[in-house]
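Quick one: this structure, given as structure tokens, is what I'll be asking you about.
Chains here go by letter, A, B and C, matching the order in which they are written, and residues are numbered from 1 within each.
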Amino acid sequence: MATYSESKRTGTGTGRSRRRAGRLRTAYGACVVAMLVLASILASRSSDALEDPSQSLHPPHSRFLQSFLYDPLGECTFQPLFRFGGDDNRGEYALSISSRPGLTAVVGREYIYRPTVIAGSSRKDTPDLAVADAPAGFELSESALQFTWTPLETGRFCVTISADAGSSRVYQTFEMFVSDKPHWFGTDRAGRDLLWALAAGARWALLPGLIMALLAVGLGTLIGGLGGYYGGAINDLFEFVTSVTESIPGLLLLFMVAVLSNFNVYLTIAALGFLWLPRTARAVRARVIQLKSHDFVEACRELGQSDFDILWREIVWSNERNQLLSQFFQALSFAIVIEVTISYLGLGVKLPEISWGVILKEGRDAAIAANVYWIVAVTSVAVLVAVHGLNSLGRGLSELLGRETR
Amino acid sequence: MSKILEVKELRTYFHQDGRFTKAVDSVSFELEKGGRLGIAGQSGSGKTQTLLSIAGLVDGRPGVISGDIRINGVSLLEGLDAFIQIDDSDEVLTISKDERRWSRRLNDNYAAVRGRQVGLIFQEPKSALVPYQTIERQMIQAAEAAAESGSGYNRDRACGVLNSMGFEDPARILASYPHEISGGESQRATIGIVLQSDPELLLADEPTSSLDPKSAAYVLDLLDEVVSSAMKSLVLVTHSASILEDMVDHVLVMYAGTIVESGPKDAILKKADNGVVHPYSGRLVEADLGLGSDTAIDQIDDQGIAGTGCPYRRNCSLKPRLGTEIQSRCENERPALVEIGPNHKAACWGLGEI
Amino acid sequence: MHAFQLFARRLANAVGVFVASGLIVSVALALAPDTGQDAPTISLFLKYSRQFLTFDFAGSPALEVLAQSAKLTFYLVSAALFLTSLIGVSLGLAGGLARPGSAVTWVSRFIEAVTAAPVLIVALIMVLVATSLFEIMPEFSLVREGALQERMIAFLLPVLALTFGDGLLADIIRSSEICARQVREREFIRALRAKGIPTGMHYVRNLLPTISALIANKITLLFSATVVVEYVFNWKGLGYAVLFALQQSKDYELVLLVTMLMVFVVLATSLIVTLISDLSDPRVRASWKKV
């Protein structure tokens, strides 16, 4: 069902809705960028660089994230989120514990777990709970309905509790991860807090990208503008060089640059700028050619404006700036992706420096070795949000600044 | 004489950027069997869209929304209003359309008509032909689509049709691609393809505007002969007064999607009815015959203004000479078609009073 | 200008680009550190140049490695291309012709949003999902003895990652939509509909040159993405070989070989697509015949 409507009174056009979308996008993008910048500043200030092996691979403090990002193999197990095949123990009178315990606790703070015991299909109101195997201090509370614990040292501890209904008894075993402060996104293998690691990595995401984007858009505009305005041999040469760089898979070229420069990330990303250059140059060139023959150029010339003025001020600045802005931000987001990729592949940022790609690399190893997913998951989301935010900012700004063609 | 084509209150709207464009705004007319109707107006006046609406080719957004089109008495817009809802309040005009079902119903209605009773001739002949198929292939496809059973294409018959289109070597044309033959030749070939299935009604949209004068004259002669010898009916859209003079009996003048005048061709082209003619038609005829100045042509390029008054009020030469009371009517009320002569109507408050 | 002249010029350009890129790659590799050979840079450069120009890689282990890897990469890339085209063209056609607000538009927008994600992330997420949901061994090496189901999934996942990562799908969808709308506006389509002749094949036929050209243009990006995907999924194709050579074995001849092979495929595809598009248009075909 399609609906078309027109308001007769005010004659609203699209301008308004497009502006609103532009504003929203810009706001969202700006927020993302602000967060990134803030995060990297904060991370570089604080000295949380401490690696603490005793807090290695702690799951996220948030119960929600815990529920589907943690499923270890090994002796200590607990209910995974998805299970194909039924639960064999659901007989008429069989007992089961249906609740999931929180897995993280902070030194000095009280931890409480209240299990839900089900007999058959109904709750058992007064289960007989007991501690089967737990670290010191983990004990049944006075009400006998929950367990409490105030941990005193960091590390990993295995806990087994039991629930009794006379004829049958059921156990639940899980791991407790104790850290000295809550790690909202968990920790990596070296015990670094993931949230902090992401903030520290943001620096690598933004700075090389900034250089690359300035290079790409700046040089691109220069080359495109000159080429479009004056044409001729420079143009042809540029076209040829572009064809060459576009025929070689970009990533392979970057790999070579990375190897050449001894894995200097700034150089590599700068090289990326040269690969991105043709895009801007082409757009600017096309516009300059299109506008070159317009009447207003003649008018400006008669007024005595120099070629330089005409080219840059009138043509590029007035007419193209929103497109250039959008390209700038797209370049930025692309730089983030490339940085993450080459660091992941081992050709970019390397330990002990931290970048998102490095986190992913470690995270992938951890995922395979220890079935630990939150590192990869959270970092992926961070990358996606950053990329999307930057793109939105670019598009939003270009929509807001509108199309100011003369 | 029965009517081959009846159009009643046809409305075709297009929605873009939050506004409606009333391409065809409540157009009504009739055509007798064997009659020839010309529709005149500038580009954008809605004449092409009227033709396309009649042919059932408008599926834009929302497209044809209300009215009736009957060919040989059979209503082609039947059942479509079940899928469209129009809410026209003071503040907002909203049209809801179940696109899928509407289109399906439209195609069902038109299935018997397309390619059989109605033939459509387009303005740019080379564009109207499939560029990568030979003429013969296109004739085969048209014939098979129009045939209700079996027969379809017959090469001898096709050659015969091409012969009557003035082609001395039909075999060469059949084997050619559209880009290998000239503009005039392709238009004649197109007409040939259309005539293969012997349609009763021909709709032609400026068939000669893109041809050189010699080919144009040839094609028009051909069309004239085909229509008169086979007793076909013709609706010809054009913006040229001389073509109207030669080819049609009755003229409709369209402006901003509405019919502003309808009358015998002499009444409009030559002001045969005591010189009374709609101010716009007068300008249009002058401009085409080159008698008007450039400013006259520039002034009538304004495609009308929105609102409830007469769409031509801004440039009307008659309006300043009318009394204030009539002038305010021009400003606020859309004029209805009133009789100003035998079989001659015009939508103008000023003329109605005379 | 005759079509043949145009084509000859394109061919010459392609050859030039091939040679130039080979030289650039040779320079890059010659400058690379840790080759384990003590030859000076210039002679390395000359050696590489000679190698790729004359295709004389005998005596190096590169060629044997190449054949096996090339086959694997070929399967991956062609499957991904096939899937991308299929989904992209169908969605694009349907979307371009559909009425506003229909379901197809939503699906297309959604897929476009998804494919805007970088390929690495998509691949990693798929690995995650596969390992956690289906309990598949995360080592996706193509185990010959594995069950058919496992091997199929092991093949399917990288193909999906390649299809849905980095926006090639989005470009095809959008391009098909625009193309479909343009074709619909063409006069001869209207003329056909006026006669009641079905127009389906014409849409496809008019779509093909544009889409093939688009693919030929973006095939470099596809190769870049392939390298990443192969690494993530342990798919031992050309990309994996290159990464291995760069990171560990420092076998730069292999890198040269693989890179030039990819460049060759890119250029050849572009030329072939242009040729086919030209030949299928009778106007251009006629100009060819005149030669």
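Basically, a contact is a pair of C-beta atoms (placed from the backbone, for glycine too) under 8 Å apart; a residue touches a chain by one contact, two chains touch by 3 or more.
Quick caveat, the model's predicted, so the values are computed rather than measured.
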- Task: Determine which of the two chain pairs, A-C or A-B, is joined by the larger number of C-beta pairs in contact.
- Result: A-C
- Message: Going by C-alpha centres, which chain would you call the most central?
- Response: C
- Task: Using mean C-alpha positions as chain centres, tell me how far subunit B is from subunit C in Å, no decimals.
- Result: 49
- Item | Length of the line joining the C-alpha centres of subunit A and subunit C, rounded to whole Å | 27
- Chain centre separation in whole Å, for subunit B relative to subunit A (CA means): 59
- Among subunit A residues, those touching two or more other chains are 1-3
- subunit B residues counted as touching two or more neighbouring chains: 61, 99
- At which residue positions does subunit C touch at least two other chains? 99-100
- Item | Residues of subunit A defined as touching subunit C within the complex | 1-3, 71, 80, 82, 240, 243-244, 246-253, 255-257, 259-260, 262, 337, 340-341, 344-347, 360, 364, 367-368, 371, 373, 376-377, 380, 383-384, 387-388, 391
- Query: Can you name the residues of subunit B that touch subunit A in the complex?
  - Reply: 13, 15, 17-20, 61-62, 90-99
- Contacting residues of subunit B [partner subunit C, same complex]: 52, 55, 57, 61, 99-100, 103, 111, 114-116, 118-120, 122-124, 127-132, 141-142, 145-146, 177, 179-180, 190, 193-194, 197
- Note on the structure: Counting only contacts in the complex, subunit A reaches subunit B at residues 1-9, 11-14, 17
- Item | Residue ranges of subunit C in contact with subunit A within the complex | 13, 16-18, 20-21, 24-25, 28-29, 31-33, 99-101, 116-118, 120-121, 124-125, 127-128, 131-133, 138-139, 220-221, 223-224, 227-228, 231-232, 242-243, 246-247, 255, 258-259, 262-263, 266-267
